[in-house]
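Paired with chain B in one complex and with chain C in the other, chain A is shared by the two complexes that follow.
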Partner chain A sequence: MTKYFTFLSLLIVVLFLGQPTVLAADAETESESPIDIMGTVADHDYFTFFGTKLYLPRLFLWQDDNGSTQFSTYGSTKKALASGEFQQVDYIITPVNGSMLIDFSLTSHLLYFWFGLGALALFTMYAGSRYKKGIGASTAPQGALQNLFEIFYEFIRDEVAKPNIEGDKYKKYVPYLFTMFMSIAFMNSFGLLPWAATATADITVTAVLALFTFFVTQFSGTKDHWQHVFWFPGVPLGVKFLMIPVELIGLLTKPFALAIRLFANMMSGKIMIIAILGLIFIFNDMYGSAAAYSVSILSVAMTSILYVLKLFVALLQAYIFTLLSAVFIGMAAEEHEHDHEHDDHIHAEPSV
Partner chain B sequence: MLYLLAGGGLLSFNTGFAIWIAISLVVFLLIMMKYAMPPIMAALEGRETRIRESLEAAEVALAKAEAISKDNEKALREAEQTAHQIRKDAKEEAERIRGERVAKAKDEAEQIIEQAKVDIEQEKQSALLALRQEVAHLAITSASMILDVELDEEKNKKLVDNYINNLSKN
Partner chain C sequence: MGLLAAGIGAGIVAVGAGIGIGMIGKAATESIARQPEAAGDIRGAMILTAAFIEGVALFGAIICIILALG
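Coming up: the complex of A and B.
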């Protein structure tokens, strides 16, 4: 137990000890505004560690002018630029001679994504080692961490998976849903640290997460699911053809909504806090320090309230993402038994 | 605004980053689903099954115990009833025996008294007889001494007897 606890606390200490540099105007960016909202929420090529910026390696898959594909790795953006093969135009790194295919560079969001997965891995390994020892398996669970693990696990299993996925099928999806919930919750919570980046406030991350749910949903789709998509039962022939694009769009809007919902919620909370705290610096620039001091009272109070709200939203959004994933999987994995049910369904639908 | 245009912008999809995320997530999900979660799920499910079974067994045992205790109570009540009956019977028996004894004793006493009365009557009769003979004898003796006549004893006796008989009737 102590081993895992040490790991976990070490990770948290590392994350907490970083200096909050986000709010201060960054000299390097030479921005005119005293606060840098976009710079705070955007992805970066560095990771703030104990107040210093650790520049992350850049990996480029690019095509030179001769048409041959090349893969180059550099320790940091500066080294990439110093090599002379790459240039920076409006924050975009492009090859001097050729075009960029895929930019595989490590970013701060990717690191925080890994931290989220890593925290969950430690948490799960700790719990697993306890159950292997028999604590919690043959006796009652002991300690706050194991109980916390059980609360989350049983919540996902009994409140999310079981009611939404029919029959015994739900057992198959519990690990997926648990992993999704916990990693999103960890990423969201790490995003609450002022100097940290929120991986889930990145449309790429949420899009990939939603795509995973999309693929899991489609792969668990029953014959009925696909019949509903391509040959809607209980409607005239012409309507069947009309329903195909509608249903296909319906399939795609679900993960799209998942991705946008999580992204927008996490992003908006971060932007709101920075904007409200930024008022202090803006007032300082515009009306002097007295105004800044007085507005700081309001700003700090509102930030505190917003932080409580964000902590709630961090867990709520992880829950919503997981719950909707379970609902979508449950809908696809559902097996209808009678055809006349569809008729009832169709007749009932216009009145809804 | 620059960031919106840049590769790391707010709303732009970064392909290389997405591939990283996808690969990490696939590997992580596989590890979780294959190795990390199943033992935990099995342990928890086993525990739940065991607890459910224990609860059910406890319920059955409780029902059994309740039935037994109900039986015991019934037996106890029956035993109490029997004891009560026995006591009642014994009381009645004792009452009856006592009554019998008293009646018998009364009878005996009456008998004894009756016997005594008879005895007394007999004694009285014999005493009276003896007294009468004595009186007759005395009268005869005294009369013969006084009169000194030649009356034979037979005639005298008859005379005196008649007299005494008349006397006693009065």
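Coming up: the complex of A and C.
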């Protein structure tokens, strides 16, 4: 079972890598508006580090007109365009002669996705090495990082997994839930850095995370779970047929809502901050610098408050994602008492 | 016209979600006041239910974004 999960998760990661990405406009094309709101949340082909742009390599798997498949790598988008083999139409790169099969290019969101997972790996490996040495296993945990690890781990185990997944089954899902929580929390918190991109403000990233939960939920589903989907117990025959599409849609809306919730929350925070800061520049354009100075006092104060709120939301959304994952897994893995009338047992499963 | 629909729609979505989450908050604070020892359980249920309402509201918000951009 574990091997199955590993294979599946690797497959999804590969699929995620294969998504063609829409890249935002480069700064060369100066827009009329003094601030670029969508540019701050869109995916880019460069990685900003302390105000310096590092362009990321582009990798293309494409098919030329003769039908042969080719794989090309370029240092940056500009080099790909300069080679003459590729052209740019509405920020999407396509080959001049042929068609794009898969655009494997690295983007800023993908990079921050990896940073989130890397931070999680370092954090857990550090804690793991401490426990191996016996610190924390036979004695009390020492050091700020290890204590932090224990706080988060015990929180996920005791507050998220145990109450929502019945019996001893919860033990199997604690590592998954902990991984989800910490990686989302890291990705959300990286987004708070002024020059960084928020990976979770991208629908493709959150959709992949929600797909993980979807597959884990379906593969841990018991006979009762599937019986509730395809042959709803305790209702008349006609209603049973009526319930099949409803339940099937219910299966799909759960991960969809998970993805949309995280995406919309993280994106709205970023848009709100850039919009309020952008007021300064808009006032400067419309009413002159004096108005801009007076607005900046209000803008900066509001942005500071919003940042504190965003820090809270970053952890809260990671918690909600994990909690809902645990609830969905718990509902699927639940085993009902057999050989009884289901009449008193028609429970309403929340569908979103 | 699409922009108008998106704006009005987003407003209605916010009203609905606001009423829903407000009622959860009211019920949760009332029950915590009645039974302070169950505050932890009630808070968990409150966040979970609020997340479900938020999900429905965000569906609406996404439709409004699609209307505004499309």
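One rule holds for everything that comes next: the second predicted complex is superposed on the first by the 312 of 352 C-alpha atoms of A that agree within 3 Å, B and C clash if a C-alpha of one lies under 4 Å from a C-alpha of the other, contacts with A are read in each partner's own complex, and residues count from 1 in each chain.
Convention: a residue touches a chain if its C-beta (ideal position, glycine included) is under 8 Å from a C-beta of that chain, and two chains touch if they have at least 3 such contacts.
What you see is a predicted model; the values in this text were computed from it and never measured.
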item	value
Overlay on chain A: chain C relative to chain B, clash or fit	fit
Partner chain(s) touched by A:323 [first = chain B, second = chain C, both, neither]	second
A:261 touches, of chain B and chain C: first, second, both or neither?	second
Touched partner set for A:91, first chain B, second chain C, both or neither	first
Partner, of chain C and chain B, that touches more residues belonging to chain A	B
Chain B versus chain C as contact partner of A:237, first or second or both or neither	neither
Which superposed partner A:144 touches (first chain B, second chain C, both, neither)	neither
Superposition-derived minimum Cα distance between chain C and chain B (Å)	8
Chain B/chain C common contact set on chain A	none
In the complex, chain A residues that touch chain C	159, 163, 257, 260-261, 264, 319-320, 323-324, 327, 350, 352
Interface residues, chain C side, partner chain A - complex	44, 47-48, 51-52, 54-56, 58-59, 61-62
Sites on chain B touched by chain A in the complex	1-22, 24-25, 28-29, 31-33, 36-41, 43-44, 46-47, 50
Residue numbers on chain A that touch chain B, as the complex places them	38-39, 41-45, 59, 61, 90-93, 102-107, 109-110, 113-114, 117, 120-121, 124-125, 127-128, 131-132, 136-138, 150, 153-154, 171, 174-176, 178-179, 183, 202-205, 207-209, 211-212, 267
